[in-house]
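See the structures that follow.
First chain A sits with chain B, and in the next complex the same chain sits with chain C.
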Partner chain A sequence: MILQVIANGIIAGCVYALVALGFGLIYKTTRVLHFAHGAVYTASAYAFYSLSILLSISTVISVIIALSVGIVLGIAVESFLYYPLYNKKVPFVISFISSMGIYLFLINLIAMLFGNEVKILQPGLEKTYQFAGVILTRTQIIEVIVFVIVFFGFYIFMKKSGLGRLIRALSNNPELATVLGMNVRKTRILVFGLGSLLASISGLLVALDIGIDPNIGFSAIFVCAVAVIIGGVDLFEGAVLGAFLLGLIQNIIIWKLSARWQEAITFGILIIFLLLRPQGILSYKKRMEEISQ
Partner chain B sequence: MNYILHLLIMINIYLILAFSLNLLVGYTGLLSIAQAGFYGIGAYISTLLVMKLGINFFIALPISIILAMCLSLLVSVPSIRLKGDYFILATLGFQAVIYGVLYNWVSLTRGPYGIPGIPRPNLFGFEFGSIPSYFILSGILALLVFFIFRRIVLSPFGRTLKAIREDEIAAMGLGKNITKFKIICFTISAGIAAIAGALYAGYITYIDPTSFTIYESIFILSMIIIGGTGNMKGPVVGVLLVILIPEALRFLKIPDNIAANARQMIYGMLLVILMYFRPQGIAGEYKYE
Partner chain C sequence: MNNQKILTGKNIVAGYNKKMVLQGVSFEIYQRETVALIGPNGAGKSTLIKTVFGILKPQSGEIFFKDEDITGRKPYKNSRNGMGYFIQGGEIFSNLTIMENLFIPQYIDKKLGIEKLLTEIFALFPEMKKFKNKRAGVLSGGERQMLALSILLMKKPLLLLLDEPISKLAPLWKDKFIERLKELIANWNLSVIFWAEQDIPKALAVADRVYVMKLGKMEFCGTPEELKQSKKLEEIYLK
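Up next is the complex of A and B:
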């Protein structure tokens, strides 16, 4: 039983980690608390739903189009909203409120088009597989495989490629990066494209696993923001670590207590970290003033 | 006539909420999206005290205010001395927790079914049952909140809050304990929001968790951002606009199932447009700098 709980926790962690990676990447590079990330996540899940279920287009094409919808949406929000605000040098509160406005707009647009009720993409029981006493559904196995591939792809991209180095440079020191003649605009677009792609992948997986409703983005964004904080904002491995930790703790609590206290547990973990280690588990050494500005 | 009085009662309730959030956003520069949580705490605690323990509304009201204030410390104490983003995140989390508890603690709150048949407030045998009398009650409470608010912002305490908003380091340099001031401000704001909650529950006589979601929090925030924050007239303008414009749209015969979503889409767009062109809102003072 404990093995099953751990397996469930790790699978939940895989899905959280994908959103958290994108959210953390955007937050770290552009200092935008990208609330609309949740809308990107929801929109691509709905795009997949309407293509593959409503229009019965083949799965591969639906996946490609749905992921593109997410990427385009993320880049559009960056180009028409955050970048103009960045040029005006506004404080982060303004970009956050704008982001919330866009979230509200998009989520309600989705609710208006598709209705508020839960939509299930895979009706009926799924095929299950058993490994050493742990029962996994087919979607859960897909989740793990996709996460492993995407994470290693992302890791190699960030560490080895020139574009990845550009992103890391921008996130470490935006002023210096600009002075050295880096193209901030293009790098930001790349960051938002990449972040939105990760969110969209996770959105599709969740849609397949548990179904969609217009509000799935809100809990996703909350869990992932907490994962980024507890894992540590400085390194993107932190977001993944935080996501796995949250997934595991949540599943252990669900097993011991009940699923109803999930938000309360996430909030409790956030509060404990804010009190004891606000810089997160993995982080550079910092002075208190750098965390509390 | 009753329709107009109903609108005025709703305006009074939202004025109380707008003032509570204005104290936080406009005067102290702290952005919170947990206001609907405290609004819900006020509504549920006063209702449960009235219905389960048979306590009079006017005694339940102060108890719910105090409990909301105590719960607010759970958010403010850990997060307020950190960066602004962390505080926003903590309020977001608190909002999610409150909704989760209201929705899931079925034995206490009846969860998604809501609590019907809440009695109207009763003072020395006089029941505020009719709409005109409830309008007077809500008006008195809104005025009271307005005077408390005015008293706070014009006092040295209020000026310190403004100083913190403008320049934290300068305020610290003048020997102000900014963490303490921020926590007190957040606590007062939570208490005021609870008054609105109790008033709402007593008026509608039915509450369920869907009235206290994150969208309600964003709605309250967009009201004061549209009207403007940091002074006394901004929130009033915002509340009047945001409550009355949808009522005007009602006469355009938009189907009900679309109207709610369409309204929120308009608020979302308004937030974006205002933040770009006029961050101080229509009649506000604070530009979030």
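Up next is the complex of A and C:
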């Protein structure tokens, strides 16, 4: 049983990690607490549902269009909301509240169009596979494979490509990046596109696994925000570590207590971290000069 | 030294919000010239450099760079046009490796040819080569300043605007930094304008000409020898 719980935790972690990577990337680079990330996640899941189930379009094309919907939505929120606010140099709290507002607007729009009830994308029992006493469904295996591919792709992009290095430079020191002639606007669009792609991939996986309702984005974004904080904001690997930790803990809670306790304990963990290790699990060893900045 | 102007400011009035720090400042910098900008605290030296680079918009006045009117032009455009601005304190990308730091200008502007430049930079700053795969955040204060300058040099700038590059450094590093700066000025085809506060003697030792500012106005312009003879420094700093 413990193995099954760990497996479930890891699978939940894979899905959270993708959302958290995008959320953390956007937060670190633009200092926007991008709540509407949850709406991007939900919207692409609904786009996939509409195309694949309602319109019976082939899966591959549905996936491509649904992911594009997520990317376009993320970039649109950046272009019409965050960037104008950034140019006016408004306080952090204003972009945060506008992000909440956009999230609520989009979620209500989705509820109006599709209704509030849960939609199942794969009715009936799924094919399952058994490894060493652990039972996994086909979708769960896909989740793990997709996560591994996407994470390594993302990792290599951020560490080795010029664009990835520019994104890291912007997140590290926006002032110097501008002084060196970086076009901040373009880089921000790239960041929002990339982050939204990650959220959309996760949205599709969850839709296939457990179905969709308009509020799936809400708990996802909360868990991911916590994952980014406890994992460590310095390195993007931190978000992934945080996501796996939360996935595991949540599944242990479901096993030992009940699912009702999930959120209370997630936030309990957040509070413990904020009190004891506010920089998160992973962080660079810093010189005193760096900390004071 | 040829007599072509590279940077000209005419009657610049600029500042923060409604408080105008610069009250009609004019100056001229020629090609391949090193100019020190000195003056007491609050004179407006930093404000002037920020205005030239485009971080602050002047309320009135004109700025010309390479005979182009660049008044009010955005910093990233000025940067791509050949200006290098050394931020006060020496900013670097502390989470990136030193090599990545040096490559950022190349990623921003693909036209820059980097290989030859890198060799030149490593010749000028051997410590950068030694630590090239280390995270830049681990560098000491002096090495940080060297890296900050190296990043700017990777853009192959025509004009360097240095905002207090040495005043916070330990004495040993100050001498090192000045020494490299001299080497740079001798071997690279660039103009340098920089200001020093606590270190007027060091600045004067490098500069071809000096501008002295006080309360938002230019009070003196001339060679370091002329400045020493004029007793202007005592007058400005003591009054």
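Note that in this section the second predicted complex is superposed on the first by the 284 of 293 C-alpha atoms of A that agree within 3 Å, B and C clash if a C-alpha of one lies under 4 Å from a C-alpha of the other, contacts with A are read in each partner's own complex, and residues count from 1 in each chain.
One rule holds for everything that comes next: a residue touches a chain if its C-beta (ideal position, glycine included) is under 8 Å from a C-beta of that chain, and two chains touch if they have at least 3 such contacts.
What you see is a predicted model, and the numbers here were worked out from it, not measured in a lab.
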Which of chain B and chain C A:V118 touches, first, second, both or neither: neither
Chain B versus chain C as contact partner of A:P91, first or second or both or neither: first
Partner chain in contact with A:Y284 - chain B first, chain C second, else both or neither: second
Chain B versus chain C as contact partner of A:L176, first or second or both or neither: second
Which superposed partner A:L257 touches (first chain B, second chain C, both, neither): neither
Partner chain in contact with A:G162 - chain B first, chain C second, else both or neither: second
Chain B versus chain C as contact partner of A:I61, first or second or both or neither: neither
Dominant contact partner of chain A by residue count, chain C or chain B: B
Partner chain(s) touched by A:I145 [first = chain B, second = chain C, both, neither]: neither
Touching residues on chain A, where the partner in the complex is chain B: 27, 33, 81, 84-85, 88, 90-98, 100-106, 108-109, 111-112, 218-219, 222, 225-226, 229, 260-264, 266-267, 270-271, 274-275, 278, 291-293
Touching residues (chain side chain B, partner chain A) in the complex: 29, 31, 33, 74, 78-79, 81-86, 88-90, 92-94, 96-97, 99-101, 104-105, 214-215, 218, 221-222, 225, 258, 261-262, 264-265, 267-272, 275-276, 279, 288-289
Residues of chain C that touch chain A when the two form their complex: 53, 75-77, 79-80, 85, 87, 91-96, 100, 103-109, 135, 137-138, 141, 144, 151-152, 155
Residue ranges of chain A in contact with chain C within the complex: 162-163, 165-166, 168-169, 172-173, 175-184, 234, 284-287, 289-290
